[in-house]
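Quick heads-up: structures coming right below.
What follows is a pair of complexes built around subunit A, which joins subunit B in one and subunit C in the other.
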Partner chain A sequence: MEMYDVVFIGNSLQPSDLKSICVEPDMLLACKGELGNFTLRIQKEKETQEIKTRTVIINLLDIRESPLAEVPTWDELQEPEEPVIFLQDLKDLTPAQINGKGLELARDLAQKGKSVYYFYRSLRFNRRNDELYEKARRAGVVFYQYRNGDLEVKGSDGLICESPAMELELHGTIFLAPDLKPNMQLERLARIFNIRISPEGYLQVENVHLQPTYTGKRGVYALEGARNPAGRTDPDQEEAFTLAEIRSLLSNINPLTEEERVVDAEKCAFCYTCYRVCSHGALEPDWEEDAMKVLQIACQGCDTCLNVCPAGAISIEGREEKKKEANLKVFMCENSAATALQRLGKNGFSDLDIENVPCLGSLKKKDLLQHLQKSEDRVLVLGCFEEACKHLFGERWGDKSVKDIQKGLKALHFKEDRLTLLRLSPRMEKDLEKILSLWKEGNL
Partner chain B sequence: MIVAEQKKLEEIVEMLKGDFKTLLISGCGTCVTVSLSGGEREVEAMAGLLNMHFSQAGRQVKIETNTIKRHCDFEFIDEAEEEFKNADLILSMACGVGVQHLVERFPEKVVVPALNTSFYGATTAIGEWQERCLGCGDCVLDKYGGVCPVARCSKSLLNGPCGGSQEGYCEVDPETDCGWELIFKRLQSINMLENVMEYDEPKNWQTFRDGGPRKMRNKEYGNG
Partner chain C sequence: MRKIAVVGGGMAGSAAARELSARGLQVVLIEKTKELGGNIREYGCKATEICTKCNLCLVDQILQEVQESKQIKKLYESKVRDLRGQAGHFTLTIERDGRLEDIEEVDQLILATGFTKWSQIEGGLPEVPPGTSRVLWASELEELLLERKDRGNIEDPLSLGYIPEKVVFLQCNGSRSIKERARFCSRVCCGYSFRMAMTLKKFYPELDASLFFIDLQTGGNIQDLSFRRLEQEGIGYMNCKPIKLKETESGLIITYEDRSTGKIEEVQVDLLILSEGMHPGAQNQFWAELCNFQLDDDGFLYPLEEGEESGIFLAGSITGPGSIADAVKSGKNAAYRIISRQGGDGNV
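On to the complex of A and B.
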């Protein structure tokens, strides 16, 4: 079977150097496999066929309500003395590209002598918008930053702004930034690709590690309306980045971790918990074994599946369990606290049993409890902030493990300070030093 | 599947007050593993917590653990016979069926439950389940478009809804869908709404609990 470099779901970017094909989202039935070797099942006029591809780009248009495209032309602006009011971020933050269109139009109108107001909560800057903003300002556009709740739109042409700083009532032509709604296909596509979906219904959840177009699943990218509008910047740059990323990936498709995560088919209850929890879409049913299997290229090594598996069926091949070394145990996520400790340079904490973990999600309740058995034992868990978790929701599962044990400890009348979880960024080395010193003395 | 949840630790600890030296915590690898309450993961965590508890109380208790594939079939229990026999007390993390099956297999042992067996349900989100079937023994799903009035209506009405249906929700719990609203909408969507015009005779509850504990024999496989 032919192997494509990229399959576009929705709109093609038509890269001339990559072998690509475009598939309508509603034709797609299923996806199996991982980066370098996806198999897509598609339905074409009642016939089902399979195509193979190394990567996937989901590129869909937004659903726009009250779009800016319906803005009247200069000639249609009947009363020249009335001001023109641009209003964005009314419900949600307006994405950069629409922000850019608004700035462009505001600048044009101001240059033609119109009185223009521009209301915003947050300007979404990128290279182009920076420049447009400067030009619009110079052309005489009055910018006003409002807060949520300050504004009230009256009818089709009135606007009242009440804030501690000022009270203002305006009448004129109002240009409202469109509300964007997630494409109706996204929920289905998220299920097919086993990608986590944001609360707003987009394929890209809010997380620093997903910028600009990553979905969390290796080799699957989200563009345009597939992504959360608030996170979007310049579409051209995002497209160029994605294609460059794919070109570089294709020449070097390798697992991210050396160790292999394996599922014991006899223990696996086929409950799909790992499949549902994995932020990287790295688990797949293996119908020959009647069990789940870990996709080794897709796996990003957070080990959250090892923790959440209710049957204890997933393990790392060849790795032995670490034995207890000291009464004071510190688990540090290697993406935050462990980095901060390195930045600290010195390590005056040799009396602590410090263990680096790939993600809070990997922390098994059993392992945490192993370090709490003696009355003088205490455990400190240091991980990342929610939106900075490299494994997206990994920290959430570690948090749940910790909370469940804390609940148990409380029920059994143990002191609450036996198990503590704190969050840090890799740059908080000074805080880390303070935390470790205080915790060691039992004074946190 | 059978959905269960763990009892409060306080309640479990209360059951473990007696004098014993060896405690076996036994999980089940089927339904309660899938419903995330009594599989190996929870068994190991329970062992960790109880071990701390016994140490704190100054009691010498040896805790053993196992998780067998199914507590409701003797063959799986027999595979771990020695482990069960060596225990002075067994804390079962299987469903209520599993607890009793262990008692029947090892009449000399005391077995106590760590779980509350809740219902037969389907997974609706990670870690969330909803009841879909009561096991009434006389399935009527054909008449109601595949939505069960016995399980989904709080009052198990066959001729509903009652006057307590409010904007699609049940008066018993405002977060529970009115089963009859679901039935009505479902029948409407498959053009079978005329089904609700038929009066359904009172159900024969003898196939449910009213006939006492039930037995079932597959004529093909069973004896006689």
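On to the complex of A and C.
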């Protein structure tokens, strides 16, 4: 079967040097595989077929609608009657991209000698908009910054702007900035690709590690309407970045971790817990084995699946269990506390048994308990702040493990503070030093 | 093995160097100071109880990897003085320890020399005597955040010397003004001031915080920032730049025009944070002449031909204001372009 470099879901960017094909989102039925080797099942004229691709770009348009049903948006602007009134930020602040389109249209009309007004609450700038704004002003567009509640639109041909500072009644043809809504297909696509979706309905949750167009699953990118419009400041650059990364990846697709995670098909209960928990879409059903399997290229090594698997069926091949060394055990997430410790430059804590973990999500209750057996044993867990987790939601599972054990300790009338979880960032090395020295003395 | 020279060890340069070295290319990283990190070296975490998406979590692992990489030759306290030759065979002359030396047979070049902070251009506010603890540049507050004390019973978590009750952030400072030599919006300041306001409110829960700005920008690639969000977080705002500042014994008096009423108002604050517009790097003119680039109206660089033609790629804020994430993105982008262009063969 032919192997494509990129499959575009929605609109194609038509990169001439990459072998690509475009698939309508409603044609897509399923996806399996991982970066370098995805298989998409699509329905075409009542027939299903499979296509193979190395990467996927989800590039859908937003749904655009007018914030006021009776007033057209500036997408519909044609030879309007003067004066022409542009109006943005009516419900939500208009994103930079749309703002730029409005400025461009206003500038063009003003340059043709038309009388143009532009009402806004906040102009949003990107690489282009500074210049467009200046040119529009020079061409004679009258800008007015209104405040919430000051403005009343009277149908499509007039508005009243009233504030203690001024009163203005204006008649003309009004064009509104379109409101952008997530494409209805996104939820379905998130399910098909097993990627996380934001509360607003876009294919990127708020997390700095997903910039600019990452979805959490390697090789699946979100562009244009698949991403929250508020964050789309420079679409051209984001497209260029995505294609550049794909071009560079194509010659060299490697796993991110050296060790392999494997599922014991005998133990696997096929409950899909790991499938639902993995933020990187790195697990998929293996129907031949009747068990889940870990996709080695997709796996980013957070080991949350090892923790959540109720059957204990997932393990790391060839890794021996660590033996308990000291009474004071510290688990540090390598993306925050461990980086901070390195920034500290010195390690005056040789009496502590410090172990770096890939993510708080990897912390199994069993491992935590192992270090709490003797009465003088204490465990400190140091991880990332909420929503800063490189593995998106890994920290939640670590937090759950810790809380469950604390509950247990309390029920057995042990001191709960024998197990402590604290959060910090790689830049809080001073705080880390203080935490470690206080905790060592039992004075946290 | 081909050699790529990266000029500037800030975030864009470091991200590019790491990406190139990960793909087996030999990298020479030329940095004018003693350390990597550039402007963000002294920035601090702005998390409250949760992450506020300041992007700093993206940087330290990259910097540490570059620091430790044997494949990346780091030349500190070095400045480029000359560039000769063409793509595939550049010769760079650098000045180090007062001596000039040549780096020969450089295949491709990435320029990532960054921006100049407004505070490095302008000394401060003429109305306020220097050395007052009531006015801080945003970068000075960043340094305090780097030393933030989160744990234990702490009276003064940011070492301000007092508990602030009312703080105001002055946005569009060194931006959006021809007088301030920047007609453009620096775009990142609204986001970082909002985050700083959130962090200050975590440390001082009673704090009354507000922002002066001309227009409110988004908070970065992912985070949205809107009037509604400010209201939800209990952060006030004034849609203007102040008219006058005066320091008294009890605090700073800021005079401004309330745009909704047209009236002149006064507000007294304990602490004023000045945002810092991102201005073109001091060396931009030099690079434009040396590499045949054009300076845009604002003084940022843009190439007359693509890096694929000239062998010189631009990354980070040398081309205009941008966030930490933008710097990482454009650094990686430059590296990707070099990697995919060269593939496996040794000749250009």
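Here are a few things to note about the model shown:
Everything that follows uses one rule, which is that the second predicted complex is superposed on the first by the 334 of 444 C-alpha atoms of A that agree within 3 Å, B and C clash if a C-alpha of one lies under 4 Å from a C-alpha of the other, contacts with A are read in each partner's own complex, and residues count from 1 in each chain.
The rule is simple: contacts are C-beta pairs under 8 Å (C-beta built on N, C-alpha and C of every residue); 3 or more make two chains touch, one makes a residue touch a chain.
Just so you know, these numbers come straight off a predicted model, no measurement behind them.
When the two structures are aligned on the shared chain, A:298 is found in touch with neither subunit B nor subunit C. Of the two partner chains placed by superposition, A:35 touches none, neither subunit B nor subunit C. Contacts of A:7 after superposition on the shared chain: neither subunit B nor subunit C is touched. Of the two partner chains placed around the shared chain by superposition, neither subunit B nor subunit C is touched by A:177.
Within the superposed three-chain model, A:164 lies in touch with subunit C and out of touch with subunit B [touch as defined at top]. In the superposition on chain A, A:438 makes contact with subunit C only, not with subunit B. Partner contacting the larger number of subunit A residues, of subunit B and subunit C: C.
Residues 92-93, 95-96, 121-127, 129-131, 134, 145, 147-148, 150, 163-166, 204, 206-212, 228, 230-231, 233, 237-238, 240-241, 244-245, 247-248, 250-252, 335-336, 339-340, 342-343, 384-388, 390, 422-428, 430-431, 434-435, 438, 444 of subunit A are the ones that touch subunit C when the two sit in their complex. Per the touch definition, subunit A reaches subunit B in the complex via residues 267, 269, 271-273, 276-277, 308-313, 364-366, 368-370, 372-375, 404-405, 408-409, 411-414.
Listing the residues of subunit B that touch subunit A in their complex gives 8-10, 13, 29-30, 33-34, 36, 39-42, 44-45, 48-49, 51-53, 55-56, 67, 123, 126. Those residues of subunit C whose C-beta lies close enough to touch subunit A in the complex are 23, 43-45, 47, 49-51, 53-61, 64, 146-152, 183-185, 187, 215-218, 220-228, 239, 259-263, 297-298, 320, 325, 328-330, 332-333, 335-337, 339-340, 343-344.
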